[in-house]
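Two complexes, one shared chain (chain A), two partners (chain B, chain C).
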Partner chain A sequence: MEFADVAAVKVVSTSAVFLMMTIVLLAVSRRISTSILVFGLQSAIITAQVAGTAYLERSAEAWVVAGLIFVVKVLGIPYAFFWLVAKLKSRRDVQAATTPAQSVFIVVVMIFVSYAAVRSYAFGIRVPEDALAASVALILTGAFLMVSRGKALMQMLGLLVLENGIFLAALTTTFGMPLIIEMGILFDVLIGLLLMGIFAFRIRDTFEHLDVSRLRRLRG
Partner chain B sequence: MVLLWPLVVPLLGSVVMLGCRDPRLAKRVALAFCAAEAAAIGILVWRVHESGALEGQYLRADGLTCFFLVNIAFIMVLALVYATGYLQHMGAGRFTSPRWFYALVNLFLFTMVGVCLSANLGVLWIMMEATTLASALLVGFYNTEGAVEAGWKYLVVCTVGIAFALFGTIVFYLAAVKAGMSHTSALDWLALFAAVSQKQFDPNLVRLAFVFVLVGYGTKIGFVPMHSWLPDAHAEAPTPVSAMLSAILLNCAMYALLRYDILVSRAIGAEFPGTLLVFFGLVSIVVAGLLILVQRDLKRMLAYSSVEHMGIIAIGMGLGGALGFLGALLHTFNHSIAKSLLFFGAGNVRHNFGTLRMDRITGMGRSAPLTAAALAVGALAIVGMPPFSLFVSEFAILSEAFSHSRYMVGGVFLLVLSIVFGGFAYHLFRMTCGEPHKGLPKPQFTRTEYAVMFIAGFLLLFFGIRIPEAFSLLLREAVAVLQ
Partner chain C sequence: MTVLIGVVQALFLVLAAPLLKGIVGRLKARFQKRQGASIWRPYSDLLKLFRKDDLVPPTASWVFRAAPRIVFAVIVSAVAFIPVIQSSALVGHKGDFILFVYLLAIGRFFLMLGAMDGGSAFGGMGASRDALVSTLAEGPLLLAFVAVSIVAHSPTISGIVQWTLGQNFFDISAVHILAFTTLGIVALAEAGRMPVDNPATHLELTMIHEGMVLEFSGPSLALIEWANAIRLNVLLALLIALFAPWGMAAEITWGGLGLALGAYLVKLLVLAVFVAVIESSVAKLRMYLVPDFLGVATALSILAVIFTMIAKR
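Then we have the complex of A and B:
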């Protein structure tokens, strides 16, 4: 086997472990900037996995997807987030409802749950159990970040983590959806973030804070 | 090309509208694009009726598409004509100028027509997500505290919900690929439609996919417990937008779910999706029915009523059978018209009384008799009173339930209908009767606003008495796709 083949196989088979590590890092990070960096790292791992798959499957389409993800999720979105943080001039902590220790405990439980959930399916459809469990864990973590972090920016980040999980699920089970659909989804995600950014500015201007857990005028 | 026009017109419209700085010009251009879009939809529907389903690579149209497109066309015309009068009452701001309003509305229409026309489950998801994006700014249009909060909530809740639908789409794609379909055709609806009855789909995967799709698109439909965005968004949006959200957006989401329902029913039998739909429908009508009683805000009450009616439609779809499908489809149309009429009435109330708090409004019957009459007609129609068309569709769904001895479903349904009747009657009586407040300005509404409400009321009555031949043909062609 060529060196490149070995490297690609290793990247694809070990990325799940690294993704689980980013999940724990997200749980402990107290600052928005740290969370953004961890998200960038997570996207970089996924990019590596897509590139590895592309190399092994000899698929040109997958190379395009890898390039897109690298440009959008590793460079573009983190950069835009840092810009937003600077522009919004809000306090830098994530306003977590749980302590770091509690958060770690919760995400570890989520990882266990993910393994339990994919167990029966992974065998039936013949995909690596670790990768599928990592994708479910990412989805759960994204949802967890959205409900436990008060900052509007962290909710956006939680959504992105959730989206990463869904993308990973598609990648591991079917080597991704057709390219045009993949691009459409990415476009929607980008526009969604843009709109949430607009709303973040509006929330700050109307309420003079960015803590969306304190938005509770509309009830019942 | 026929398939493309209904998409091109509103997209072009949204771009052109941004250039119309003069409010008067904006109004005329908006109406022109509205007429062009109605014509484009009309031509498409005619072509499908003449030569059967139209197929393209990413777009297609069959009987079901046409039914929902006609629904869109009706509400679009009513809402836009109403908006031309309504916008005159609205204060000017940086992003609250008419041109932004019309541009966003056109974009919103583009995405909803896209949902109905998409031939590919991936495109369907993309368009469905785009409906959220296009309408989020419309929900937050007034830029008040409430509007910003509602807009943010709408964006976040619906995006997360729709993400689950994406997961469901992927699982369904996986099931199709595992069943031996090629990667390119495994999202194509027509190819899937042919394959589900011939190839062996893994039932576990199909069930998993349907659950996720139901939760995902169910968030947009407003099924309880995923409905939390709905009352806020409906109450805070400008009135024509509330009408469009309630009367077409929810239907479009239902349409997306139906496309899956058809496939899943063929792959693993209709019992599993049917049971889930009836279950979510029942939960939605019971919770929404009880919440209608305790509402203080008129538009929030109307929003909960939308949740209730989406539940009724889900029950009809879940029960299936000729009458169930027929009743459910007819109900989507009837509910759209009645709910638009009620929202238009609510818009007038807001301008006249400066509030939507129902406990602060009295004597509407004397101070604004035409608005009161419109609300009364709409309310009588929405609770399903006989001469109006909602009675027909609800009766069809009920008779489907009882003819298959689903007494529990029928019983709960009837109980909720009577609760809702009580709620609407109580709130409406308090608002219309009694002495009017002193010192309120005379209501100044344009003729177009009244004309639109009159047309909507007339349609409700007319469809209740007899369904025109052309419309019943449209309905039969749509039901044929579902069966």
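Then we have the complex of A and C:
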């Protein structure tokens, strides 16, 4: 086998581990800016995985998807988030309900749960167990971030992590969805970010903070 | 010949340690846009200290005199377990990683005793903080070793290195990535580097290592400082040996050894740059956040051990 082939195979097979590292990093990060950077890193790993798959399957569509993901998720969304953080001028911490060590233990348990969940299934349909487990773990972590972080921006980030997980699950089980659907999903994510951005401004203007755990009372 | 090279590489780790400290200091200075001291400065510091008188506080007992010598002796014997340019170390096949971990722990223990024996308030404060940090760092250090040795089917550091040398670079498994991250965090904590302890100053109330050495002077201080430099060098050499040993001489020829030394120095320089970048960009953690920082390392190491069951390699 050529060196590039070996490298592509190994990128596809080891990226799951790096994705699990980003999950742990998301659990420990205390600041919004760190979380955004980790999300960008996570998307870059997924891009590498898509590119590896594209190289192995000799598929032009997958290269386009990899390019789109790189532009939107590695560059576009983190940039938009940083812009939002700068504009909102709120405090920088994520207002976590759990301490970093607790969060790490929770996501570690989630990783085990996802391994247990996909074990029989992955064997049945002959897909790499690591990658499928990583995608389930990403979905669970996204949901965990959404419920445990108080800052309104982290809800959006949790949703994006969750979306990364769904994308990865599609990639590993079917070698990617058709191009038109991928473009639709990416467009969806962008519109979601736009709406959440507007929403964050409204929350800030009405309540003068961004802590969703304090949104108890209605205000006129 | 193997034994001779073992002696040479152990001496290299001991004698080059102050140079590594100097290089890290110089790199740090450059990142902060300062000129920085010469990289040979730690040697002249040590020479100066060795020529000075050893002042002992009137309240101190023999423990205070003995502690620096024991700390130095213990760390030098730990050096004999680390392969550098060949895959076997001086006593590599006699002792396993548990012995290595507890040699490091004995050194810390006697440094704490010496600091408390010195009788100053800062010594006691530094010792109690160091006890906290080393207790929390010991678990992840052992677990990371356990994970790697399960994968390599060998309890000795030399055995693990020999197994890793036989693997393809791309075959590094999840276990290795997790264990590497754990050991990286633990190495920063064990060597008293930035997010846990600030090595650059002894003027802070939050100091750990510098608080412990305040009462020492002359040759005692020199031995402690040298031992501390060796500790950083040993931990970085350990990271290189366990996780990136490629380039080490498989059979003993001059060319192979030269290549191994070159590869080792390049890897060491990369790690030194990494340490310097961390030290110039990260703020020191509050003391009560250190357990969280090391808790992350513990979680990663537990994950590494459990991954040895999941990973098929």
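We take it that the second predicted complex is superposed on the first by the 217 of 220 C-alpha atoms of A that agree within 3 Å, B and C clash if a C-alpha of one lies under 4 Å from a C-alpha of the other, contacts with A are read in each partner's own complex, and residues count from 1 in each chain.
One rule holds in what follows: contacts are C-beta pairs under 8 Å (C-beta built on N, C-alpha and C of every residue); 3 or more make two chains touch, one makes a residue touch a chain.
This structure is a prediction, so every number in the text was calculated from the model and none was measured.
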Next on the checklist: For the combined arrangement obtained by superposing on chain A, do chain B and chain C clash, or do they fit?
Outcome noted: fit
Item to check | chain A-centred angle between chain C and chain B, computed on Cα centres after superposition, in steps of 10 ° | outcome: 160
Next on the checklist: I'd like to know which partner A:F207 touches here: chain B for first, chain C for second, both or neither.
Outcome noted: first
Next on the checklist: Comparing chain B against chain C, which has contacts with more of the residues in chain A?
Outcome noted: B
Checklist entry - Between chain B (first) and chain C (second), which does A:V113 come into contact with in this model arrangement: first, second, both, or neither? => result neither
Next on the checklist: So in the superposed three-chain picture, is A:V6 touching just chain B, just chain C, both, or none of them (first/second/both/neither)?
Outcome noted: second
Item to check | Which of chain B and chain C A:L68 touches, first, second, both or neither | outcome: neither
Item to check | First (chain B), second (chain C), both or neither touched by A:F199 | outcome: first
Checklist entry - Of the partners chain B and chain C, which touch A:L56 in the superposed model: first, second, both, neither? => result neither
Checklist entry - For the overlay built on chain A, what is the smallest gap between any CA atom of chain B and any CA atom of chain C, in Å? => result 24
Next on the checklist: So in the complex, the part of chain A that touches chain B is made up of which residues?
Outcome noted: 120-121, 124-125, 139, 143, 146, 152, 155, 159, 162-163, 166, 169-170, 173-174, 177-178, 180-181, 184-185, 187-188, 191-192, 195-196, 198-199, 202-203, 206-207, 212, 215, 217-218, 220
Checklist entry - So in the complex, which bits of chain B are touching chain A? => result 120, 122-123, 125-126, 129-130, 132-133, 136-137, 140, 143-146, 148-153, 155-156, 159-160, 163, 166-167, 170, 173-174, 177-178, 183-184, 187, 202, 204-205, 208, 231-232, 235-236, 291, 294-295, 300
Item to check | Partner chain A, residues of chain C touching it in the complex | outcome: 170-174, 177-178, 181, 291-292, 295-296, 298-300, 302-303, 306, 310
Checklist outcome for this item: The chain A residues in contact with chain C across the complex are 6-7, 10, 14, 16-18, 20-21, 24, 28, 99-101, 104-105, 108, 111-112, 115, 130
